[in-house]
Amino acid sequence: MSLSREQMASRVARELKDGYYVNLGIGIPTLVANYIPQGVEVMLQSENGLLGMGPFPTEETIDADMINAGKQTVTAITGASIFSSAESFAMIRGGHVDLTVLGAFEVDVNGDIASWMIPGKLIKGMGGAMDLVASAENIIVIMTHADKHGNSKLLEKCTLPLTGAGCIKQIMTDLAWLTVEDGAFVLRETAPGISIDEIRAKTAGKLIVPDDVREMTFS
Amino acid sequence: MAGFDKVVPDYAAAMAGLEDGMSVIAGGFGLCGIPEGLIAQIKRMGTTGLTVYSNNCGVDGFGLGILLEDRQVKKMVSSYVGENKLFEQQLLAGELEVELTPQGTLAEKMRAGGAGIPAFFTATGYGTPVGEGKESRCFNGVNCILEDAITADFSIVKAWKADRYGNAIYRHTAQNFNPMAATAGKITVMEVEEIVEPGELDPTGIHTPGIYVDRLIQGTFEKRIEQRTISASGGA
Amino acid sequence: MSLSREQMASRVARELKDGYYVNLGIGIPTLVANYIPQGVEVMLQSENGLLGMGPFPTEETIDADMINAGKQTVTAITGASIFSSAESFAMIRGGHVDLTVLGAFEVDVNGDIASWMIPGKLIKGMGGAMDLVASAENIIVIMTHADKHGNSKLLEKCTLPLTGAGCIKQIMTDLAWLTVEDGAFVLRETAPGISIDEIRAKTAGKLIVPDDVREMTFS
Amino acid sequence: MAGFDKVVPDYAAAMAGLEDGMSVIAGGFGLCGIPEGLIAQIKRMGTTGLTVYSNNCGVDGFGLGILLEDRQVKKMVSSYVGENKLFEQQLLAGELEVELTPQGTLAEKMRAGGAGIPAFFTATGYGTPVGEGKESRCFNGVNCILEDAITADFSIVKAWKADRYGNAIYRHTAQNFNPMAATAGKITVMEVEEIVEPGELDPTGIHTPGIYVDRLIQGTFEKRIEQRTISASGGA
């Protein structure tokens, strides 16, 4: 069975290392914060200008002046720092954030990502996504493997306008965990009960299936 | 020090000189840290044909969104313009021009404008629609595009506390784009929650030195919340 | 008689306007602070990262962490702000400082200035001088009109390596107050008792003498 | 939060990994705000062939000047290298290379290095020896040159107070080049006067967020004064 949003988030959370500064995008990426492994501590960066983002506030502590990049009211942990958006993106652009997790419409075998614009539909803007993908050494895309009509979102070449070129190296879908290497998707782990044939059928771009593909486990 | 007293008597004085067709940089992110009273004054003035540089364009009926009601804005330069139906209508009707700019590039362009850096290279946007028509160059194996600075006729910013010399601090994440915006206007107008005595702010803790501020006014703020997210337990 | 250092400084101080942010270079320019006219208040910028520089400290208040761009111990006035050198030069480069006063070896009719390097002698460096001259709208050079051998320092073309090109518009010497306009020095005021002929003799670059040249007065 | 504890046990750990031929960015202006103990450690280690980016090179016998005694520095990139006879000797003897860089450009190059801006245009240095061999371009009538960013193997900086996550503040004008230097090292080592508990520093008043700091050590500082200027009356 394909993975739930929560399962996808929990699998990605296993990639977190103690001491990582992490930027989590809106949507499923945000859920990753709920599955941080025991013994691992990360500091969340919010690109509007907050390092050390805490949980949502209570009715008593809610403050209009304390929001995250998704414009949600949040709190700051002890040891947080707050700064301008220029400083925040200096941090991001300068490669100081250890891991970025974000969603996408499409990715391709070259590591290109399209996540912000569907021609003919209303364009709302890229926000900080282009800055994040252009700069992070370490990016994980979380997305469904195919759209609701069954069309693959892992392509030989992105069809939508790009968010960034050649920047994606790891992908978490509802069917699999994959890496992007040398112009191909490499299958690393399958969702429990999902066959390699199904993944192959739903992957439009070149797919390499090594011998050591494992099945994910969830406790 | 009369020559350094930036306090103006009212909103009319704060925005005096703003004319049709001018450009305005506005601080704020979403509805957080926006100069509510200065935006309201621009609406009252009815100035039209404005080019506005701001990360967002407010929402229907609040923030920069209110400037759309009387079609005062000709062009928005923003990274995200989602939450606004009037914006959508005017955009689709061709009444409003939009230049989408990545959030970090927008912040850096304002900073560059204020800092006398006319242009800089960045990897952000290379190979995307943002990079089209821009000069590109490879540095240490990373493809970059050349982005130019933003300056404007006016900058409108919102701070928490300032002394009458314009030395200011921002509260929590209401800082966002305000410090860069403050540096990049030919005339920078700052609206604050509280005017304090010179010396009350720690000199090394000042976010915006008064040299950037031309006019200062104390306002009252609604501080509307765009997404009220609550955790009863304090857990996310 | 040619002007003293103090007289040069006091004449330049008359150019200060109430509310000016001013950067004063090392040497005679520093003395300008002692002659600020009644009713005029200025804030002194020190390019290492201080806006609102105050007087030297006392034995009791001296602090190694509070110095100016000349590395002298100083104080900060009430209402001062202290920031990084990047922020300080952002202020300077961005044209936010109203007036810069600095010394020079040579200036020429194109507004070029040479102030940091004499080939063959040891080169110590330009410090912040190149940033200051490249950015300020309003620069006053204070220098002697001629060197100790009587050679003019106001030239048709600078002979020393430049600090900046085409940036000087006002010059205060020990003999005169001049402006630089359209490829010529324009004599504006003479020092008391100094003849226009003497100034002409000591000005190697093209000199224009308008009809309304005045003699400076010092109280 | 063990993963974020930047405190190292001693100076050997602070500078571990520094090797001959590496590059080092050092904060400080003159003798103000210099990482005295980290410089002393480099002298103890005897590392040679260093390229050092710092506004100045200390004085004879203090600050970066002590690294000249055993000829540890191959090249200095600075804006002003005046007060140092040993420096002068080694320079004239061709034992030391110097690249003079305008002070503001040097600060901006470090800031750019840390901020992922590979190059920027500036008017500073156009038409001077600094601009020779560099690309130039005119923006709005102002001639500019293209300057590239500075990054280095190590950055050594000095702050006043920091918590163990590396969040730091600087004291008075000892800030100077330290904040930019802190962002531009592959490994950034910070020496502080006092290590405080997380939460003691106001989050919005932090000059250097801990994300830039890899190692943190508490030092003791002589804080030598280069030019002791005194006014008995308090007048200049």
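So that you can tell them apart, the chains are marked A, B, C and D in the order they are listed, and the count of residues begins at 1 in each.
Just so it is clear, a contact is a pair of C-beta atoms (placed from the backbone, for glycine too) under 8 Å apart; a residue touches a chain by one contact, two chains touch by 3 or more.
The model shown is predicted, which means the values in this text are computed figures rather than measured ones.
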Per mean C-alpha coordinates, the chain lying farthest from chain B is C
Dist(centroid_CA(chain A), centroid_CA(chain D)) in Å evaluates to 36
Express in whole angstrom the distance between the two chain centres, defined as the mean CA positions of chain A and chain C. 55
Using the average of all C-alpha atoms in each chain as its centre, how far is it in Å between chain B and chain D? 32
Quick check: what residues of chain A touch more than one other chain, meaning two or more? 76, 82-83, 89-90, 92-93, 135
Provide the list of chain D residues touching at least two other chains, using ranges where the numbers run on. 108, 111, 115-117, 122-123, 171-172, 175, 203-204, 207
Per the touch criterion, the pairs are A-B, A-D, B-C, B-D, C-D
Going by the contact rule set out above, which residues of chain D touch chain A in the complex? 1-4, 111, 113-117, 163, 165, 167, 183, 198-199, 203-204, 206, 209-212
Chain B-facing residues of chain A, complex: 33-34, 46-50, 55-59, 62-68, 70-76, 82-86, 88-90, 92-93, 112, 117, 122-131, 134-135, 161-166
In their complex, what parts of chain C are in touch with chain B? 17-21, 40-43, 45, 51-52, 76, 78-83, 87, 89-97, 135
Show me the residue ranges of chain D that touch chain C in the complex, using the header's touch definition. 29-33, 55, 78-82, 88, 91-92, 98, 100, 102-105, 107-108, 110-111, 122-130, 143, 171-180, 207, 223-236
Residue numbers of chain B touching chain D in their complex, please. 108, 112, 115-123, 139-140, 142, 144, 148, 169-172, 175, 202-205, 207
